[in-house]
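Chain naming follows the written order as A, B, C and D, and within any one chain the residues start at number 1.
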Amino acid sequence: MDFRSDNTHGCSPEIADALARAGEGTRSSYGRDEITARVRAQCAEIFEHEVEVFPVISGTAGNALSLATMTPPWGSIFCHEDAHIHREEMNATEFFSGGAKVVPVRGANGKIDFEELRREIRLAPVPSCISVTNATEAGTLYSIDEMQAFAATKLPLHVDGARFANAVVATDASPADLTWRRGCDILTFGGTKNGTLGADAIVVFRAELAKELAVRYHRSGHRASKMRLLSVQLEAYFTDELWLRNARHANAMAARLRDGIARVDGVELIQPVDANVLFVRMAKNVAKALEEKGYRFFDWAVFGEDAWRFVTAFDTTEGEVDALLAAIA
Amino acid sequence: MDFRSDNTHGCSPEIADALARAGEGTRSSYGRDEITARVRAQCAEIFEHEVEVFPVISGTAGNALSLATMTPPWGSIFCHEDAHIHREEMNATEFFSGGAKVVPVRGANGKIDFEELRREIRLAPVPSCISVTNATEAGTLYSIDEMQAFAATKLPLHVDGARFANAVVATDASPADLTWRRGCDILTFGGTKNGTLGADAIVVFRAELAKELAVRYHRSGHRASKMRLLSVQLEAYFTDELWLRNARHANAMAARLRDGIARVDGVELIQPVDANVLFVRMAKNVAKALEEKGYRFFDWAVFGEDAWRFVTAFDTTEGEVDALLAAIA
Amino acid sequence: MDFRSDNTHGCSPEIADALARAGEGTRSSYGRDEITARVRAQCAEIFEHEVEVFPVISGTAGNALSLATMTPPWGSIFCHEDAHIHREEMNATEFFSGGAKVVPVRGANGKIDFEELRREIRLAPVPSCISVTNATEAGTLYSIDEMQAFAATKLPLHVDGARFANAVVATDASPADLTWRRGCDILTFGGTKNGTLGADAIVVFRAELAKELAVRYHRSGHRASKMRLLSVQLEAYFTDELWLRNARHANAMAARLRDGIARVDGVELIQPVDANVLFVRMAKNVAKALEEKGYRFFDWAVFGEDAWRFVTAFDTTEGEVDALLAAIA
Amino acid sequence: MDFRSDNTHGCSPEIADALARAGEGTRSSYGRDEITARVRAQCAEIFEHEVEVFPVISGTAGNALSLATMTPPWGSIFCHEDAHIHREEMNATEFFSGGAKVVPVRGANGKIDFEELRREIRLAPVPSCISVTNATEAGTLYSIDEMQAFAATKLPLHVDGARFANAVVATDASPADLTWRRGCDILTFGGTKNGTLGADAIVVFRAELAKELAVRYHRSGHRASKMRLLSVQLEAYFTDELWLRNARHANAMAARLRDGIARVDGVELIQPVDANVLFVRMAKNVAKALEEKGYRFFDWAVFGEDAWRFVTAFDTTEGEVDALLAAIA
């Protein structure tokens, strides 16, 4: 049973159906097709705002393209020190931006500490924007009020929403309230970790940024000529609230796992569990025994040598969670 | 009827089937899955050589990642002046390489003139590699002997094989003879223009280049976490020679169109037609009339204001070609 | 006797005097000093236009900083195929611009052919600016009318004026007529090849470009903290028309050498000699004999194996020229 | 009286003399001259090691060129969070390296905390090198033992020695012991802050790095064609230990100022004073009064709103220090 990551899972049946039919007929290439236009319309409705949408095959592409468009090469981008853009993307943001600086900011539970943030902004040569991951890498959340505090810095705001759906269902805030109404100019809207088979969307709320982003998109090789491969997935993902249903389920499975773990001695939750990611402290031999029983999950060096990460997905079942809990106990 | 480009077409039924089933089960992410391993094995067999394979969503990504790995930022890359990397990719190669120079070389019929090439190599500050498009943008071919002449320059060789399948079936040369046996270190092996729905493969013949390319792949956002989206397409593409069958058909349709056009007065072929791309000179009002009848194709400024490009695809039918010929006549 | 290049020579006595006194007293750093302000005022007078001035230690820095400010990373910069930025600077322009494309344009006598230029502009993905070297690498000139023809393209214009002084005295045009009155936004105003000891000036005619250039200047390490090292040289260079006097002398020496060579059998001038650079075709053994007598000059591969370049400088004497002529004869 | 920075001061008389004579005669360009060769020999003697030397006009150039040579674009460079490369150089290192990551590490008194360093190394995607400023921006020092602790990380080491001379005289360690004997591959050897008029030297201890650095040097525009402008300064700087004498004097003046300030009520030293930089906490109105009397110094936001920086230089006099002390008291 696989708790390694939400990206080891496959896709929702609705996505599979869309992919099966995606190759029918001829279509204008490079995103000038009707499906991509419909995805744009869906996002405009979801966000209650005019948007431009760029489908991408990875969150790394989404983040790096967005941030490169929001900062000059001499600017500083502020993010949590455990943000994906800082720890996991091999300097994609520095690359796409032509050498902008990513400034890590500390803070508990994977969330940016606002006092630290203000200090770093004050000392940076050219402060340019903030990148906020919501839900965070640590499986925690920023509330509408916290998003408002970012907006108060007056710096442009990027939201890394690899798990944006999980944040929306967990906070019960509207997508608009977690983005452009709180100063967000561009959102990396994740699909891959939540039921698509490799399709995320860059959602641009400020029209003047979209023109430059379009050029960066093309010259980075991310503008697929047969865009429908990505667009059909996104269309299905936004249809009948599949994106929200999937996230609601993944979060519920995480809560079930969290509640179960809380009752086990010798196994400790490291962070609050607000979305679909859990960090657990347990002895190495316990972890090893679990792995031998066929449970799969990752060790997590950020939290030390006895820390482990479990992720629940859109298709994790109650049975799998309960089996894992039984095995842990 | 759509003769605009091979990328406005959809995909082969085999690819559609593969996509429909791609989302089943959990799999290791980022290309560490079994499907991607099988694609590697397929390529090793096709090329009779150990290879490393990196699936990508676009030929631009394939070219830029390959060339960035083959040249230092201060190097010069030589290509035909009408090469895709020079005319169409918005400086992707300059971007990925950190500022290498792309040096355009002249030559008739979309093919590099060897005397011009040698002159440019002699004058360049740091000659680093040659990028050869085969089949060319102009729909012409390099033979094994011509490939040998590139090898004789002693510079590392990249092949942009967006239409490599068309070159293989047209020259009847083995894939090995058109690549590593003639000094090619990395091939961008096209699938998208020949029946996949957006999946090309970077094929690396020199193992020591693969390690660096892997890092560039990740940090450019092209290493899909759910790699199977691309890998299943490539697996189907290489199974039972689908890639060769598709190309053979496309080339045959182009030949049928070429032969038909040759019989029409007032319409002239601009270049030899060796693969699946045709350039035609005809009066603007003729072109306009065709478009009004529902035939779609592109104007082509490289060859002047009365030049037009027609592309045949893996699924272009004889009936479509004959209808177009009738309309032209 | 040294005819290798104008940069093997030292400096004018006025420059030496300025350097000797440059270290006196304390001064605001990073160009906020009074000397640098005076240089700005001198340039404003020379060009009859408000300007911003950035002293630099090399022409390569001047060109790359200017062009990076004038083009986005996805733009194309057009220049003659033998331009210094294309042949000699190891991709400095590609580096500083974050990967812009330098498009070489052909043309006789080191000068851009306008028909070729218009074709390249038409075919480029994103045409962004033209870089014109005046006087050219080949020692030829663009007249006011030719500069006007560049202006007519409507593309922003950069002038590489490593030998701008030589062009001004040779054409007898005003500095304004060879720059901003013909659409030039930024000039790399050479001093090093004409009597300073390593001080050129970027002269910006469009105020809105200066702000971005200032940041690029700093982050490329070219904004000297003790700016006076460069500024005192430029101040002396612009005082009492030293820059024009030096160039007039160098051009006169080149004319004397040209006229003398024209009278020698078996030695042929390859290009017109309009400034202070001469290209000569002569047998290898003749060249070797000259070198053995102590005359120094460079071979010049652009023009073939029996081509040689002679450069006269601000301090080349009539005696040196006559001695060289005697030796050649 | 000027305590703003060591770069607002001019140069030592020996440097002025060298500059006055620098323009004599013709010399090979681009650093192929005899003076530059002699500077290399001087550095080899100072460091008791074969070296390659690249004169530069700024410390920013020295740091960025060095670090770009020591790290791939996907690497992480570790430095103190108040290092010049992180706070002051507008992302020069990110620019020159093609997008490497600069990872700020905390630590008291401007010095890297080793536990924090080890944590950041462990979490970085691709740890590549450490940049150590000695003497630090905070005017403190790393001892030989501390340098040894950096060496123990096994990561390649760069030393930003903008004030290296001040560190050498303050620690009484040999230049070799503070560099290559403790794992340092490249040193940015400062001259500008210590008596030259704008000449620092990149000193490379690992021969295989020098070749790549030479190319980066050229294509960044830092390889002056009339190299002697920089080389003559460095030659004079290293002759008869001028560099050590200047630093000894500057440090002594700082100690005198420090001891005097320690006796004044209401004015507090923020950090230990080991070299020639002092950070002082005093009320804003006191600072303002000092400025009105003609004393010049900078406010220093890193330490808060009532923090000020005073720098003593190679030519600061005892009289100036005593006058300042009197004014403060």
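Operating definition for what follows: contacts are C-beta pairs under 8 Å (C-beta built on N, C-alpha and C of every residue); 3 or more make two chains touch, one makes a residue touch a chain.
These numbers were taken from a predicted model, which means no experiment stands behind them.
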Labels of chains that are neighbours to chain C and to chain D: A, B
Higher-contact pair (C-beta pairs counted), A-B versus A-C: A-B
Inter-chain centre distance, chain B versus chain C - centres from mean C-alpha coordinates, in Å: 42
Approximate Å spacing (C-alpha centroids) for the pair chain A, chain B: 33
Mean-CA-position distance for chain C and chain A (Å): 51
Multi-partner residues of chain B (each touching 2 or more other chains): 73-74, 89-91, 95, 98-99, 126, 215, 219
Chain contact graph, described as a line, ring, star, complete graph or other shape: complete
Complex contact set, residues of chain D against chain B: 72-74, 98-99, 126, 215-216, 219
List of chain C residues in touch with chain B within their complex: 73-76, 86-91, 94-95, 97-104, 122-126, 301-302
List of chain C residues in touch with chain D within their complex: 2, 4-5, 7-12, 15-17, 19-29, 56-62, 64-65, 89-92, 95, 192, 197-198, 215, 218-230
